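Each chain carries a letter (A, B, C and D) given by its place in the written order, and its residues are counted from 1.
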Amino acid sequence: MEATSKSSWRKKLHQIIYEADTPAGKLFDVMLLVLILLSVIFVMIESIRGQPEVVYDLLYYGEWVITIFFTFEYIARVITVKKPSKYIFSFYGIIDFLSTIPLYLSFILVGSNFLLTVRALRLLRVFRILKITRYIGESNKLRKALNDSRPKIFVFLFAVLIISIIAGTLMYIVEGEESGFVSIPVSVYWCIVTLTTVGFGDIAPVTPLGQFIAAVIMIMGYGIIAVPTGIVSAEYANANKPKDKITIDDKEYVHVNSQSCRNCGSSKHRDDSEYCHRCGESLHPDEF
Amino acid sequence: MEATSKSSWRKKLHQIIYEADTPAGKLFDVMLLVLILLSVIFVMIESIRGQPEVVYDLLYYGEWVITIFFTFEYIARVITVKKPSKYIFSFYGIIDFLSTIPLYLSFILVGSNFLLTVRALRLLRVFRILKITRYIGESNKLRKALNDSRPKIFVFLFAVLIISIIAGTLMYIVEGEESGFVSIPVSVYWCIVTLTTVGFGDIAPVTPLGQFIAAVIMIMGYGIIAVPTGIVSAEYANANKPKDKITIDDKEYVHVNSQSCRNCGSSKHRDDSEYCHRCGESLHPDEF
Amino acid sequence: MEATSKSSWRKKLHQIIYEADTPAGKLFDVMLLVLILLSVIFVMIESIRGQPEVVYDLLYYGEWVITIFFTFEYIARVITVKKPSKYIFSFYGIIDFLSTIPLYLSFILVGSNFLLTVRALRLLRVFRILKITRYIGESNKLRKALNDSRPKIFVFLFAVLIISIIAGTLMYIVEGEESGFVSIPVSVYWCIVTLTTVGFGDIAPVTPLGQFIAAVIMIMGYGIIAVPTGIVSAEYANANKPKDKITIDDKEYVHVNSQSCRNCGSSKHRDDSEYCHRCGESLHPDEF
Amino acid sequence: MEATSKSSWRKKLHQIIYEADTPAGKLFDVMLLVLILLSVIFVMIESIRGQPEVVYDLLYYGEWVITIFFTFEYIARVITVKKPSKYIFSFYGIIDFLSTIPLYLSFILVGSNFLLTVRALRLLRVFRILKITRYIGESNKLRKALNDSRPKIFVFLFAVLIISIIAGTLMYIVEGEESGFVSIPVSVYWCIVTLTTVGFGDIAPVTPLGQFIAAVIMIMGYGIIAVPTGIVSAEYANANKPKDKITIDDKEYVHVNSQSCRNCGSSKHRDDSEYCHRCGESLHPDEF
């Protein structure tokens, strides 16, 4: 546990940056979170035209502060970790690096195509928002869940694309250019807009046949969600006659249904219940 | 059980307001429900311009009646409950108070910025609709369910915002101002409109690259719902194979049998296993 | 089994109409289905303006044929059933009656407000489509499922309306009339359009605050579906450590997960599997 | 295993085309996939007007290459399979045939109605995308899942159509032609656009009554998905109460215990029962 002054300084810095046990560590995390959010808000405000000049000046100073802080953070991370190369090429290493460079790049890329450069740098600065994911504990689980779902996602994408390409081309033939279906790619785009139920309305069919095909596409897109989950499904779940009893690990379970007690409204009585378990009233009063 | 005339008057009032066992109690509840609904309907009608003057006069008288009734109700609730302060600062206490004051406020806030005052008071009057939640027995369960879902809700919100900020800024760069993407905040708004499949169409991409990115966003927003629940999922659930597989509380279990692996002797393999899960050897060596 | 000629004629007619065992019965059902569909198609075509006069004439003759057939069907149903009054006041009795009268009504209601009469009668004729539900065996289960879901439906409706009224009024205040939010009822309509993710775009917010509130509403409407069902949920289902084994009715089940074999892609291996059950390859090749 | 040179050549070709074990077989599959994707991309690019003439020339040469390759592939498949007729009339046999003929057809169908011919042939060429489904291993499961869901799909379609026809006609009457509801078919189309939450906005109601009916339709379309799956449902599922309740294959079971009713002696009541399910008497008489 003995360490020279230099490595204990390193250890201390590592503690502040990478851990949140000490007050300094917690303060660092909070400051970082605030700066990440501010940096993104600054970019957003900067993109709004027509504001007083002083706003843009203030934002420029803010960008300087943020860049300096992120640069120190990046350097600190690199020098306080065991294998710097492992960090530098990791997801967060790349994000942190990209978060430091926009202002520096704006000096290098002066001149040509000013507007596009400004906008590209804005996008780069907005990527800083991904630094936040370190602090969302759930995002690992989310990433793992997405990974596990890969077969499903692939089949889904595949089906959406095949339907959109074929139906889009069909609409391109049927509707033609006057209603906006100017080419097959644009018609495929329209089909995706429709199948996903977004429905901008920038392009819409005007011929009866086109509207009919559009209706089929819409019902398909809606049905992909509604058929497995809708009330129709609920009906099938209840309709299959369940086994009444079941023994799991030596415990007994009895099937309950959704019948409501007319007196107190509670449900989930046993299938063969005569009286409500909550209020004691008869469940079948007409039969007296 | 003995009580003076004063507290028995109080007890009686408490019974009418807070309980629904007596006919007076039930009548009170019904009248209150009707007045709550009427009060909101009045505000809605009042906001429609171009009606005969007498309509606005009648609505004004109606607002007087409602205010008087709600004032009495509030005072009655305060004086018939054991700990008035506990009621006054509860959710319903605040709602009930806010429900009484609009008309009084309209006398105090005369003059400056008439239109905004009128509109703000209309919003205040519309909040009376929340008084109804007392009578919906399920809303407690609903509030509890929302509370329990808080981690999920947070991760969801977080993912939606990160995607919208990054993709929105990308569209801002790609599309530019002519198609309506005038600033990053507006582009983020458009991305939320698209990701949630609402799709107003007030802003829509016109460039091929923009339409391509938009298609990716739409498929993402649609897929977040469709992939876990769609027919694709149903295929994995395989609900029609009862005895081989079983799903308990969303976890999958597969039946295992007593077949022994000839190589390592382990058993409890899946019914359809070809190879031993422990040593990898074939379970059916005769079939080569 | 002996019967007079009159009641055996009745029995025979009853068999044809109400049962589908005999060839005559099946033919009747098919003819009825066809006529129901034709009657609705006729109304739809009739509503399309600008067609050659002969089309409208043909549709008029078609309507006569349909009316005569439905009238005979109605009379036949009434006289061949045991308790005519029970049929006449049942759901199908009313539908069948309303299906016979439009043409007759068109003679009675001549003159005043011609256009509205024509259109109202068209709606009446379109209700004939409900006669088809007799032949869809599943619709009873569907009706029962809807009944059982009544508490859920009520809470859902209630929540949607409360959110729409409050948020709609808020948008009415923030946006005002220039962007289309002309009154509170119209703003509530817009809020329903947005919350249900339909998003016509006939009205859309233009102010930054309005767009922000709209974004909140959209994320709410989308989240109500996406949070419980989305990939986020899937992650929580898998994250809860499952019991490995479970015994149901003396049969053993073992938990399987979604890990894919890198060789053949199959999943659903036991949690502790070392080798793929389908192809025998190791599931953890890096660890050799 | 002996074979003449001719049938071993056939066997070899069969191996290349139909199997993916050999390097030649894998290369063939990869080439085929690439050509399928290219062929569709070519059609899409070709439909975009206003490009330099050389682009269309290159695409024409590309189409020749693709047609020649697909023709060879088709002939090869036919002659290397045991029962050619079985392949020729199968789904893939038809798709593969249709994938070879567009260019040949374009020579035959010269002249009349040039534009429609060009467009129809483009659709034919786009159908080549279906050749890819051979390589998606999951699509068999997907097709089986769709087959198994047929009752659900039918009831769903049926309900959507009935609601759309009746509500569409209602809107046709209420709104009339000025707002775009020009005929019943168009109004039914609008209703499908609204019920499926697509919401183009090309047609939208302007009258208060029309907007009210539209709101009902939207809430219905949204509710069909949201009620069974939404947070409201989650609350009923009560997933956080593991040992009291359990859901097996979507059926609910509740744990029952051995407590006897003091009145009638029956046991196996729910853990939280207040009253006996058989005789209605209280299970906890001491608490009165």
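Before moving on, here are some points about what is shown:
Keep this in mind: a contact is a pair of C-beta atoms (placed from the backbone, for glycine too) under 8 Å apart; a residue touches a chain by one contact, two chains touch by 3 or more.
The shown structure was predicted, so the numbers you read here are calculated from the model rather than taken from an experiment.
The chain with its Cα centroid farthest from the Cα centroid of chain A is C. Interface residue usage between chain B and chain C, two copies of one sequence, is largely distinct: under half of the residue numbers at the contact are used by both copies. With centres set at the average Cα position, the gap from chain B to chain D is 30 Å. Chain B and chain C have Cα centroids separated by 24 Å. Centroid to centroid, with C-alpha atoms defining each point, chain A and chain B lie 19 Å apart. Across the assembly, chain D contributes residues 142, 149, 151, 155, 159, 185, 197-201, 221, 225, 227-229, 231-232, 234, 246, 248, 250 that each touch 2 or more other chains. Taken as a contact graph, with one node per protein chain and an edge wherever two chains touch, the assembly is complete, since every chain touches every other chain.
Of all the residues in chain B, the ones that touch chain C in their complex are 40, 43-45, 47-49, 116, 119-120, 122-123, 126-127, 129-130, 132-133, 136, 138-139, 142, 149, 151-153, 155-157, 159-160, 185-186, 189, 192-193, 195-202, 221, 224-225, 227-229, 243, 246, 248, 250-256, 268-270, 272-282.
Taken together, the chain D residues at the contact with chain C in this complex read 137, 151, 154-155, 158-159, 162, 165-166, 169-170, 172-173, 182-185, 188, 194, 197-201, 204, 208, 211-212, 214-215, 218-219, 221-223, 225-234, 236. Those residues of chain C that touch chain A in the shared complex are 138, 141-142, 144-146, 148-149, 151, 197-201, 229, 231-232, 234-236, 238-239, 246-250, 258-260, 265, 267.
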